[in-house]
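Okay, so chain A shows up in both of these, paired with chain B first and chain C after.
What follows is the complex of A and B.
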């Protein structure tokens, strides 16, 4: 029979490292339902009957963040056979606070006392045997990074799970408060039930989620008793309970932890932090690291050396060549078999779809190798610390800076980078506004219009203003979303600044690999299906295969062009451009090349680079409507690859569609304003 | 006085938390409870938030949040 063991612990306590060490590569990553919180499970590599569930990192089981609710719902409702509570020995007091709350649920629990090497390096001593005796649960010293103590830990956890050995309620509360809590438990149906006791504590803590679930016939009595509990706690039982837990922990720590002589010395981490968050140096160092992150992933002139591709671009080039080599071979073979024109078309569009997925993989890989290094080393928390002052004005946290910066390269890894944000709300908003950052694939569109319609004006200014427009709309969008869509959720910046640590190669590699695999599988299906659909629409009409001018897509363009008329480009070709742009934004130029004058592929490339004009588009566009069209394509739904990444990160179609809807609406309003106001001025 | 009034290097003892609800809970969950010693380590380069040392680890919080923590030097 299989047993389930859940891992619970504070953020930065080494939980992910432990999870990787005990599961090896047998992992499955997804989302918890309804929230953007990652769900990971795996199988113990030494016993495949043991399922390991990685709970989100939390400091508490209070009901205030998505992570906390997910973690406690799992512990209380799904009832794993045992919980391994990872405690960072270097900040043992704060970590034991979660231990107290896990013990209150009375679920069988084992404490893994992690980072014992660092504890000893400081000259401190933690007496795990003594702590185990006082708490009445196993406490196993480990070093997750090196794997030390993990066998003992897993043996203890499996034994605890098999015996279903429930911990006692730790003696946290004074007698008055303890009596008040057991009175609430009695009113819920009996203080002998572990569940009622836990609920009673939560009710005394003023927990609204638990309070709503109290049956209506008991509500009145329970409310009275909660008031009584507050009365014996100077009016605030929630504060008294938190305080009592910490008082008890202080006693435990006094008994079990011996501070060494090196206690007051500066650690290496402190010295490093003095430089990295220095008043004067912090921002230049931060800018330098961000430049390197961006350059390593996207730059074509790496480190300002002309024509030297960055690792990301270099890998992408290799993958692209390999894809087109395979594609040509396959298409040649299909043609050789004498397949009909539509069959060849279908095969080549399928290959395009697959190629689109593969083409993004190197970018995702390189970015996430670097990102997980920054995340695991502790620097990302300092990024938030340094940037918070600016981003708070938009209702976001400093960490939103990273996905938004990456958005200038490519929305796909940028959206995936939003996973590192602290709160569910910040993640959701950041994902909605990140595609407003003008990605690399949108530049050819601007180049085409700049060369054709703005030949006499300052083309650089035109393109630059579009980039600025994206940033401004993103900021306004964040403000509006914060004010109206997410107003109930308060944001705070009360967070830990963890010690700097050099991450293990293994954890960095596993993290990057997970991202690549997740993107290929989850986003791949979206990209593939939509690419084939657009191909079908653009090469068929009801009587069979045809040119794009007569295709279903052209009819669709004619059908929807009225929507765009108020924006200044109510033309079927412009409409078709918007649709083909969803496969990849630079497709718009190729589509225009075909629909406005059937120009050669070389001309299209020159137009993309802004070296040649496409005079025929002046039939449809003037300067104002061209600007509106650029703005629309900047802001409207990103390419299918980005939508796929969004779907993966949101974990639900509902939120993905909301985000796309928000982007479409924003694009429409902004383009409308540009057209109306612009037409009045020019 | 409050935690906000302390300068980097200064230390005080927490006497109470003056806010309520989710923020109070969060502050207390992180170990800032009455009686605990708290020391301001530094202020962020842009002037806000601040970094404090409490219960042996580094915590950051905004100045507005620090203003909710009552202390005695």
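What follows is the complex of A and C.
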């Protein structure tokens, strides 16, 4: 018989570290049904009959956020055999608030008193035996980072699960309130049931979800009794209940925690915060750290040393070479087997598609390793606080800054980073506007047009202005979406600033790997399928295999070019370019190379780098329509890899299509304005 | 008076909160309840950092204006 043990605790209490330590690599990551809250489960590495369920980090079991609802529904409805409640010993008072609420559900529970090394480092002492006696549940001191105490913890948890040892309701409430609560429980069907007692407390706390679920024949009586509970609580039972819990906790802490001599001293975290959140220094320091992060991932001249690739670029180069080596081998083998031309074409385009995904992986991996380090260290919470003031002006909270910044590198990891946003509205809006940040793959398009159509002295200005255009449209887009689509006020910013901690290598690696793996699997399938589709469309027409000029893709280009006519580029080749750009934005240059005069691959590479012009495109483009074309490709649907990431993060096609629709519409309007206004001026 | 008026280093006791139920509940969960002593450990133009029950909590000024502390 397998048993299920759930991990519950505040955010930043070391829950994920504990989960990784006790499950090892046997983990499964997914989403809870209906919400984009991460669901993780695993198997205890020392006993495969024990399933460990990692609940989202929560401060309480009241329904404030999606995470809290998920955690509480799991505990109350799924009823795990036992709950391990992880308590951060360095902030024991606040953490025990959740413990009280878990005990109120009367689910068998064990407290894991974590960070005991830091507690001792401060010179404090927590008497876990005494606390266990007072609460009537096991309290096990642990250090999750080093694995200390985990065997004892798991033994206690398994024993508790097997005995189904229910905790007593802690003596939190005064007699008047306790009577009022048990009266509500009676009206629900009997105070002897643990479930009714828990519901009664929640009803007194004004919990809408529980109130809605009360059977209609009992509603009237229950409402009266809830009013009575408020009456004995100076009109606010909810506040009184919260206050009673905290009062009881202070009593516990007074009994069990001995503050050492270093109690009032400034900790290292406090000293760091004096600098990192300083009103003058905070922004420059943050800019420096972000610069380093990007340099490590994308820079070709790392730390300003010419030709020195950054770790990300270096890794990407190795992977690319390995991919092309394998690809050449496979194509050679297929040709050797005497396969027909179209079969070779299909195989090589499939390999290109897969290679494109693998080419991304090292960049994504390095970026996420560094981001995970910053996140796990506690610094990202400070960044959100520092940036909040600026982002508030356009209706977002400071937490949106990080995904948007990453968008300049690559939209795929940027979209994935948006899951750290607390507010659902902020997350949705941020994901819609993040692709407006001009990613690395879009730069070759600007290079091509700048080198061909603009004077040398204006080229830098043209490229820079496109980047600025992306930022301005993103800001305006956020404002408009906030005003008209979401119609909600700017959410308030309130967030715990956890203590700075140096994350363990293991947790950073696992954290980054989870994201990369998801990207490779999910986005990979989208890229792969779309590559095959475009290959098919560009190599065939209804009578069989053909050149691109006569292909289905060309017919498609001719069929849709009228759409782009008002934007100044109603040409089938330009239209096809937009479509191939969805596979990867830099594809546009390769497509143009092929369609405008069949230039060699070396020329295409030189054009991408802005070293050579592609004179044939002047047949179709002038400066105004070229600018409109750049703007359109900057703002329209991002590449399929990014759409795949959007789908994964939104968790629904409905929202993914809405976002793509918004981006398409924005691109069209902006390009139209550029063409109309530009044509009048020039 | 509102919490937002406090200077860095000041400690005061919370007396009430003006705002939605939901937000009030979240503040309670973070330890910001009536009768609790909070200390301002940092501030900038956009918000402030409080020490509540041994934990640092950052919040924007708009919210700090709605939390009342004793005069």
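Here, the second predicted complex is superposed on the first by the 657 of 682 C-alpha atoms of A that agree within 3 Å, B and C clash if a C-alpha of one lies under 4 Å from a C-alpha of the other, contacts with A are read in each partner's own complex, and residues count from 1 in each chain.
Note that in this section a contact is a pair of C-beta atoms (placed from the backbone, for glycine too) under 8 Å apart; a residue touches a chain by one contact, two chains touch by 3 or more.
Keep in mind it's a predicted model, so treat the numbers as computed, not measured.
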Looking at the overlay on chain A, is there a clash between chain B and chain C, or do the two fit? clash
In the superposed arrangement, which partner chain does A:78 touch: chain B (first), chain C (second), both, or neither? neither
Figure out whether A:94 sits in contact with chain B (first) or chain C (second), or with both, or with neither. both
A:179 in the overlay: touching chain B, chain C, both, or neither? Say first, second, both or neither. neither
For A:224, select first, second, both or neither according to whether it touches chain B, chain C, the two together, or no partner. neither
With the two structures laid over each other on chain A, which partner does A:328 touch: chain B (first), chain C (second), both, or neither? neither
For chain A, which residues lie in the overlap of the chain B contacts and the chain C contacts? 59-60, 62, 64, 90-94, 97, 205, 238-239, 242-243, 246, 277, 279, 282, 381, 385-386, 388-390, 392, 492-498
The answer for chain C against chain A in the complex is residues 21-31, 33-36, 41-47, 49, 52-60, 62-63
In the complex of these two chains, what residues of chain A are touching chain B? 59-60, 62, 64, 90-94, 97, 205, 238-239, 242-243, 246-247, 277-280, 282-283, 381, 385-386, 388-390, 392, 490, 492-498
If we count contacts the way the header does, which residues on chain B are in touch with chain A in the complex? 17, 22-31, 33-36, 42-49, 51, 55-62, 65
Residue ranges of chain A in contact with chain C within the complex: 59-60, 62, 64, 90-94, 97, 205-206, 238-239, 242-243, 246, 269-270, 273-274, 277, 279, 282, 381-382, 385-386, 388-390, 392, 492-498
